[in-house]
Structure formats: C-alpha cells, structure tokens
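In this document, chain identifiers A, B, C, D and E correspond to the written order of the chains, with residue numbering beginning at 1 in each.
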Amino acid sequence: MSEPMLTVDNLLKHYAGAERNVFDGISFDVPKGKVLVIIGPSGSGKSTLLRCVAGLEPIQGGTIALNGQVIDRGEPGNEKSGRAKRSSQLRTKIGMVFQSYDLFPNRTVLGNITMAPVMVQKRPKPDVEREAMELLKRVGLADRAQAKPHELSGGQRQRVAICRALIEHPELMLMDEVTAALDPEMVHEVLDVVLELADAGQTMLIVTHEMQFARAIADKVIMIDSGGIVETSDDPEAFFAHPTTQRAQEFLRTFEFSRHRRTEKDGAGAQTA
Amino acid sequence: MQSANILLQPGVMPRLLQGLWVTIWLAAVSVALSVPVGLVTGWLMTLRNPVIRVIMRIYLDFIRIMPQLALLFIAFYGLARAWNWNLDATGACVFVFVLWGGAELGDLVRGALESIPAIQYESSYMLGLSNWQTFTHVILPQAVRRLLPASVNLATRIVKTTSLATLLGVVEVIKVGQQIIDAHRFDYPAGTLWVYGVIFAMYFVVCWPLSMAARYLEKRWANE
Amino acid sequence: GPNAGTPSEAGGTATGSSAQGGSAAKARTLDEIKKSGELRVAVFSDKAPFGYVDKDGNYAGYDVVFAERLAKDLGVKPVYTSVDPAARVDVLSSNKVDVTLANFTVTPERAEKVDFAKPYMKVSLGIVSPEDAPIKDVKDLEGKTLIVAKGTTAETYFEKNHPEIKLLKFDQYADAYNALLDGRGDAMSTDNTEVLAWAKANKGYVVDVTNLGDVDTIAPAVQKGNTELLDYINEEIEMLGNEQFFHEDYKETLEPVYGDAANPDDIVVEGGVVEENTTK
Amino acid sequence: MLDWAFVSRYAPFFVTGAEMTLFISVFGIALAILTGLVCAAIETARIPVLRQIVRVYIEVSRNTPLLVQLYFLYFGLPKLGFVWSAEMCAIIGLGFLGGSYMSEAMRAGLEAVPQIQRENAYMLGLSSRQTMLHVVIPQAISTSIPGVVANVIFLIKESSVVSAIALADVMYMAKDLIGMYYTTYEALFLLIVTYLIILLPISIIGTWLERRFDYAKR
Amino acid sequence: MSEPMLTVDNLLKHYAGAERNVFDGISFDVPKGKVLVIIGPSGSGKSTLLRCVAGLEPIQGGTIALNGQVIDRGEPGNEKSGRAKRSSQLRTKIGMVFQSYDLFPNRTVLGNITMAPVMVQKRPKPDVEREAMELLKRVGLADRAQAKPHELSGGQRQRVAICRALIEHPELMLMDEVTAALDPEMVHEVLDVVLELADAGQTMLIVTHEMQFARAIADKVIMIDSGGIVETSDDPEAFFAHPTTQRAQEFLRTFEFSRHRRTEKDGAGAQTA
C-alpha cells in the first residue's frame, strides 16, 4: 500500500472521571487513497477514536500524525482541556460527517456548503458557489440548493453534510455512523455517495454498523473492543467471511439471525405462553 | 350609563392616551436597556467561573423571588438614600425593570446558548471556523431564534408591570386615570367604572398584539 | 380574613428611635437651584382644590399657586412631582425635590425628619359621613370603620388617640373618597377644609365634625438642615404677607369650591403668623 | 445602621401582614387552580362554544395587569352595584389572573402525553376512564408541576399589589411604617425578610416536588 | 396451513385530507400459529395496516375478522371518527408492540405488566404478579422488576413491552418495527425474544426492516407498496432469494451494497473531488 496519510501511534485516551482508559495505547494507519473501516460493539470507543483524530477530544498519550507531521501529541492530565489547538488551516484538511442533524439550521443548503471556504479559506464566493452546485449535482440535490435544512429528509441532509465537508478538499474524511439515524431507504442514497467517494480515491476513516456496507467499501478493517484493537485486516473480504479472533466472530454473528431456533417451531405447536 | 359620558369630556381621552404613552415609554426604555444587560448577564451565566456563577445565581434568585413592587420600594426609598442616588420615581422604575428584565432575559440567553447542540460547535470547528466566526455566524443566529419569542413575552410582562409605577407616584396611565376620576368626582361620581374600564382595555390593546407576535414567532421557528 | 393590626396601632412615638441622619442625598443650595433654572416641588395631584391636575392636565390648586409664585420670585421655573401623602418626607430626604408643598401638616414627628418653614394655612380635622348615618362625634365611630389616606394627619391622629376605631387606609385621596362612596367605611376623615369642600359637592354627605384635634398649621418643608432655602422661604412668606397673597390665592382656588361654607380667615395664614381668633 | 429595637417591635406586624398575604394567596391560588382545571379540561375536550369563551378569557387575563384588574373590581364594579369586600376582590383578582396561567401549564402537561400512551392503553383494553386516570393524568401532572409551582410563586408575588385596595398585607405594613414613622430602612429590611421567609420555602418545596414527580423523564 | 386467525378482506383506508387512499382494498390472512411478515418501502402503509388491524384507525371499506368474526367493517366517510369501538375484552385479544419507548413512565416494570390484567381482565393480583415474573424471567429481566422504565436500556424496554402485551394472552400479536429505535447490539436481544415467541406458536403480524430477521421468522411474507400488495409468498426462503416481481427485487436490492463500483477505484486513482 501507499505511504500513510494518517498515522495513529500508541494513542491513549481517558475521559475525565471515567474508571478506565477508552484506549490503552492503540496504533494504526490509513494509507493515502484508502478506506479504513472501524467496527466494534457499542461503547467500544469508535466515536471517541474519530473524535481524537478530528481534534475534538484531547488525548493523554501517543501521537496523531497527518502526512508524517505530528498534529496532536498526548499530554497526561489534559482531560479537561477541550479541543486540540489546531490551526484553522489544518482543520480544513480533515473533514468530518457526524451521525446526523448537524447542518446549520439558519442557512440554506448552499449557504451551509459555501460558508467555510469563503470564511476560512477566503476563496472567492462565485467560484465556491459554482463548485458547491457541482457537488450538489453529484449527490443529486442540485434542485434543493435554496432549501433550508429542516425542509430536507434525513438522507438529503447527510448528503449535504458530505458536500459541506468535501468542498474544503480535505485530505482525510472522517465518517461516524452517518446513516445510524436514517430510515432504511435513505441509507442507500447516502452510502452510495460514500462509495463513489471511495472510488474517486478519497482517503477515509469510517465507523459503521452496516456490515454489508463495511464489507463493500473497506480496503482495511480494524475491530476495536475494551481499549484495544481486536483484529486488523488488510483483506476485508476474508475478514468478514472468516474473522480469525473469536471476539470478532462473536461480534459479526450478532448481525445474523440464526434459523436453527425456528426449526423446532412446528413441533412446539400450540403450547404457547 | 350616562356616567360613561365622562370619557367624552374634553381632555379626558387625550390625557389618558398621554398617560398610556408614558406607560409605553417606560416599558420601551426598560426593554431597550434590558437587552444589553440581559445579553451580558446571559453570557456571564454560561461562564464556568464558580465565583461569577454564585453571584449570578444570587442575583437571579433574589430578583425572581422578590415581588416587583417590593423591588420598586427598595429602589425608590432604599437605594437612593443609601447610595446618594437622585433616583426619581421614574428612574427607580426603569432601574428595577432593567434589573429584573435583565435577569430574566439573561436566563433566557443562557438557556438559548446552552440549548444549541454541541455538535454545532464541533461542526464549525471541523470546518475551520474561528471561535468568533462560530459565535457570530453559527451560534448567535440560532440563539436569537430561540430567544426572540420569549423576549417578546418578557416585553409584555414588563408593560404589565409598569402599572406598579403608579404606586410610586409616577404619572402614567393609571395615575392619570385617578386624577381624572378625582377631577370629576363631583360631576361624574360613577366615572370610576369607565375610567378603569378604559385603562383595562388600553393595557389589553398594547399587550395582546405582543403576545400574538410572540406566539407567531414561536410557531414559525418551531420546526427549524 | 385575618384581622390585621397595623404597625401604627402599636402606638407610642417610635419616631424618635429611628436615626434621623438618614438623608445621605444632600439637598441643593439656593445657588444650585437658581443655576439649574428649576425649582423641584412635590405637590399632590389628586387633592382638589389644594393640589390637583385640572381638566386640561395642568397642576392647579392653592399649593400650586404658592409654588408658582415662589419659583417666579426665585427667577426659575417650577417642576412638579406628584406625591402620595406617605411619600412627602422621603422625596425630601432623598433629595428628589427641593421643597414639599403638599398640604403638609406640621407635626413634631415630621419636624424631626424635615425642616418646616412658616405656615401658610391652618386646619383641624373634619369627619364626613353619609347623611342617613351621620357621625356627629368621634364617639359615634366606636366599632365602625373610618377611611383615611395613608401618611396624613388624620391617620396619625386616630392611630394615636383612638386606637379603638378601625381604620381603612388608602394610598390616594381619590381612592379613599371612592371607598366612602362605595360604602366601604362609615365615614372618612381628613383636613376639615377638604371634607367640607367634598361634602358640598357630593349630595348625601355631611360634615358634622369640623374641629377635631388641635388646630394644625400647614407649611412648606425642605430637607433637614437646608437652612439656606428655609430662610429664603420664610422671608418670602413674610414678604407675601404684606400683599395679602394667600387671601388672593384663596379667592382664586378655594372660594369657588367652599363658597360661603368657610371663612377665609379660618384657613389662610398670612406672613407666617397664626392668629388665635379662629371661629370655632 | 438598622435600629434593631424598632425592627423587633414591628416584626409582629409583618407576621400579621404575612398572614394576610398568605390568606389571599391560598384562596386566590386555589381559585386559580380550579379555574385552570376547568379551562384546561374545556380546551382539551374541544367543547365548541365554551372553548372560544375560554380563549378570550385567557387572552384578557394574560394581557392586563393585576393592579388594573383590582382597581376595576374594587372601585369600578360598585358603580354597577357589585360591592365586594377587598378580600373578595383580591381573591377573585388573583384567581382571574392565575386561572389562565394555571390553565396553560395544565394544558401543556396534558398535551405532552404522547398519543402512543393512549394507544397502548387502548390496546391493553383499558377503558377511557382508566386511561385518563391511570395513564394520562399521572403523566400530565409530572409535566405540569414545574409550571404550576412557578405560577404559585408568581401569584404570591403578584399578591403584593393588594395593598392598593387597603388590604393589610406585607407590602402594606412596609408602606405604613414608611408613611407614619419614616423608618425606611427598617421597613424595607422587614419587607425583604418576610418575603424571603414566605417564598424561599415554597421555591424549595417546588424544586423538591419537581424532582419527586420527574418519573416521566426519559 | 391451518384456519386463519386474522382475515383482512378488501380493506380500504384513507386519511382525512390525504390525496389518495393508503390502501385501495387489500386482502390477506394470517393462519393460526403462524407469522406473517409485512415488508415494503417507507410510507407504503405498513404501520397504517397494523394500526387498522389494531383498531387504532377507522377504516373506510372492507372488513377485518378475528377467528372468523368480523370485528371491524369499513364505513366510507368516517375518517375522523377516531378509534374503532371495540370492547375491552376484544382488545385484550390483540396485543401490540410499537416502535419504542412506550412504557408507562410512572409505573415500575412490574406495574406496567400487571396493570391491564388486573384492571381489565380482573384477574387476582398475586396470580398476575407471579405470571409477570415468569415472563420477565423468560426475557431475562427478572431482576429489573422494580425498575422504572427510564432506568432501562431501549432493548430492555422493548422486552418489557412484549411481556406487557403477552400477559393478556393475546391471540394475535402485532409488532411494528420493534427494533427500529435500538442500537444494533440491542436488536438481537429483542428479536431473539420474538423468535422464541414464534417457536412457541404465537400468531403474529410483524413489520420489520431487518431483512435477515424477516427471512428467519416469516412463515408467510407480503410486500406492500402504493396502495396494494406487490407480492405474497408462503415460502419466505424462496421469496428472499428470488422475488418474482420486479418491484420486490428492486426493494430487496436496497439492503445490499454492490461491490462493482469499487472495482474501478484503483484505476481512478487521485483524480479526486
């Protein structure tokens, strides 16, 4: 694989007041142009991991590097210090899409997308608007440019949120369960956009509970649980078919419904509760 | 019902309207001054500094627990003497209404600021917006929408509360009414009913549109 | 409801106990008044014919005519503050006005809080009651309800001398009269001039008690210790005595109301000198 | 700075004043709660004509000051032949004002009960009476309580204006002291203390009640 | 299959003010002891169908019969009449579990379960409590009997809701996306309970978006869309593998993520957005 875009080394994360560390020093990297999918049970720290990379959470140990440059270095005891002190410019290099409902409600779709490039990157407004319209067309929302977020469906909002992050040309995109709050039909319209992004070579770090989607998009998978990495795989197809660790096997099984319980049914008959 | 004729006497309605104007002026000035006080108070209330927190808590609770009339008396009779302030009755009223309106509005501002989901701050951070840009372009516009309906309601309450100014001797609409009742006590002894009736209606005419506006804003912005 | 006693029923002179140095707000000097071009005067706005707002919305009445003259002789304009009876002392001590000209009866308690100038009027208390249930003597009031306005001489007099009479107190004279009209009390008491004038205008009411208590004088008041202004007003009152100013004032403001029900000499005090030959 | 002898001599009068304040408040608030219940019931049940009347009442009551309402009741109505005692006027005034506030708080509580709760009760076979009694009202109470408590405090505070119609409440005592003896500081001190003694416990009990009934919190 | 427990015949449903009917006369039945799964896109009327059967919505045409007895007969023009007028006793014969969070918040878990049998069926309280405890044990919540609903996780709440419906021994159970509001981990704990119910011979009408689960539990499947039934199948295994209608094929495809878009990716390289 190509050189790493993101390198997380020996990351240690602890929430103020929490009994134990969320991560006891975990390491991994995301090669340029590739997609890393993170899976793991609820509460295992997937969101926390993304938030650390994003700079939204202070870290207590280890380093996070972008393109070989360290952008965040752990400091023990800084649990309460809030967001990392990253420059505006650095922040535009990492885009993030959250679970949902994070568009700015007081701006139109177009206003949401053009705000940051104009205000942060100081690009000329007409250029930005032209590019925004192109992006909207790509995600199938060109006709909704003047709508307010509350007039959109959840799936449409998430696609706008993706455009809003994309327009800054981030080197790395972070996506945290972007479809968790959506109706099943909408899941597809959003994930199709993400799949296209991957095809276009966008480097991404994705957290998802949609195993089918994970399998389809991942170049690399890591499963985390209780503070560490349970299993890493560069061959997602093989991982999802036959995970090596028992923990991963168990976890993947929760997404299937076994029929064997059903077979007894006809015999059980009317002796119901 | 010929005592209703008191209302047709020359000067009666114009003077009542003048009195109403004083009432509105008093309320308007109080509301206008409450806004900056409220904004600062609200901002102070969101700070985590424990000392400021306690001070703001006491300020808010004291203002909330004391009847406004008692506050007016304290300001009018107490503070002027204690601090050598030359507060006349009108000044005392404005002072109290601003303190009170500022506290209430401050609490609204605090509520509005705190009700903005953290994710709005985080999205802005990820997009690279500076703290100031985040506050002015993202947080404030949303806070204002949550704030405005309640603020208009507060204005209605302030208008109603200005009625207490009459008890300090401010010549506003009620006092004017009493003067009229007094001046006509020989020719229209039953004028009381009509004069107080008109004052009652006047307050309603001023407050009701405000209440409606508040409700309209609330509905309009409810789903955004 | 609970039968509420009032603080004043405790009787006794509590006044002396309170520190008198309460006036932190220093009064203005004569010079300051002249420089500002305004004389701030506290008057009644609802006590016709002494201090009231006429139908055109202007201050008028016996007190106001004096205030106009006082200001004119000072070379300034009068600015009126409307007061409730109870507020007359505080507006002075908190320097909200320079002088109170609001039918202010001179009492020892008040004299501890403010400085009174020479009197320009004299009164005693009267009681007005409905014709069909007249009060002919204070004794008739026993067990009955008497209406008074807060902070008036009448209130103090009855609190002190007749604690057995139940008082119904209102902030404003207008309220008090209305209460009498609505039958909320059996009688109302205030200065005799005032009740006389009122009974004359309101059919069905009589004044059968006209000279209750001592003859009290009414005088302008200034903030305690403001001798400069006090002296000036005293001189002014003496000077006005020479031109019989207050008789003129009476003719202009009181006579149209009292007509022949009263004798000007029973009310007016000229030059600050009270003559003892009042007609009983 | 304060004359403590004076304060202790006159403190008992503030106790009497507090009694009057509480007397008016208790009955006024009871009337307000009753009015509120009736109005909330009419509005939730959408009874045609009564509903319009309730709406008008609520608008009038919410958009006029209590002081003016009192003046009207006490000085205005007698001219039409209705002479009510000051206590009566004060209680009716507080009830008139508070009724609309209480009604809004209670209606909000009733409306906050999700439709799905009624549907569940229906599916389980509960009668409409059982649904109202065991499902809707308990939840409505829990959401209404903060509003109702806030209104109680609000009405007690509002009751301070009854001194304008010669009722000897706490405020009246303070005015009386200032008017008669010009002992401003002492009177104001007693005024503040008395109101704190009345209102602080109510405010604390209110917070406790809110917590106690907060089971609807999800 | 055995005789039908529920028969829906020519059902017509129209919402007041809506442009067109939700159903233009649909018919199906649920045999005794079997599980019918209803699938279909969002807005196709799945919930509405369940609510009509439950008696929560008035119907404008057709009939609904339970054990051969008509319990609801359509009346044109009664859109606004509210719930159907069914006796308490009849209502206890049909149990329903909604999407989520619908326990009575002011009662304990046990109180929620025992309320209806005591108040409606007038059964002796001790008996009911004993049975409630047995049910709670079956769903693995015996130790939470005294908890208040807000102290439970979503999955636990749904299991209690199932017990609350079960204790009345309903002949028919209706379930409307009972896991839609749950975290993925909790989905399993709830659906396992439903699978066991099916094994025990409980007649059920289930709406779900979990295709794996639908496949595992269904004895019979119907797919609805735009006012009518698109496809009915008595062989769910065959249906999910090879739906006959094109509409059903399309619909089932939205739950899969195709990999073919990804294959171009490596070639696309860095020409990113």
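The working rule: a residue touches a chain if its C-beta (ideal position, glycine included) is under 8 Å from a C-beta of that chain, and two chains touch if they have at least 3 such contacts.
Bear in mind the structure is a predicted one, so any value in this text is a computation, not a measurement.
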| item | value |
| --- | --- |
| Chain D and chain B - chains in contact with each | C |
| Chain pair with the higher count of C-beta pairs in contact (C-D, B-C) | C-D |
| Whole-Å gap between the CA centroids of chain B and chain E | 53 |
| Centroid spacing, where centroids are CA-atom means, of chain D and chain E in whole angstrom | 47 |
| Separation of mean Cα positions, chain C and chain A [Å, integer] | 82 |
| Where chain C touches two or more other chains, by residue | 22, 87, 90, 93, 171, 175, 178, 181 |
| Overlap residues in chain D, where contacts from two or more other chains coincide | 75, 78-79, 164, 175, 178, 184-185 |
| Per-residue multi-chain contacts in chain A, two or more chains | none |
| All touching chain pairs, where touch follows the definition stated at the start | A-B, A-E, B-C, B-D, C-D, D-E |
| Complex contacts: residues of chain C adjacent to chain B | 22-26, 45-48, 52-57, 81-84, 87, 90, 93-96, 171-175, 177-178, 181, 198, 201-202 |
| Contact footprint of chain E on chain A as seen in their complex | 33, 41-42, 135, 138, 166, 169, 183-185, 187-188, 191, 195-202, 209-210, 212-213, 215-217, 254-259, 261-262, 264-265, 268-273 |
| Residues of chain C touching chain D in the complex | 1-2, 4-8, 10, 14-15, 17-19, 22, 85-87, 89-90, 93, 109, 113, 150-151, 155-156, 159, 168-171, 175, 178-179, 181-184 |
| Chain C-facing residues of chain B, complex | 9-12, 15, 18, 76-77, 80-89, 167-169, 171, 175-176, 178-179, 181-186, 189, 192 |
| Parts of chain D lying in touch with chain E, wherever the complex brings them together | 114, 116-117, 119-120, 122-127, 130, 134-135, 138-139, 142, 215-218 |
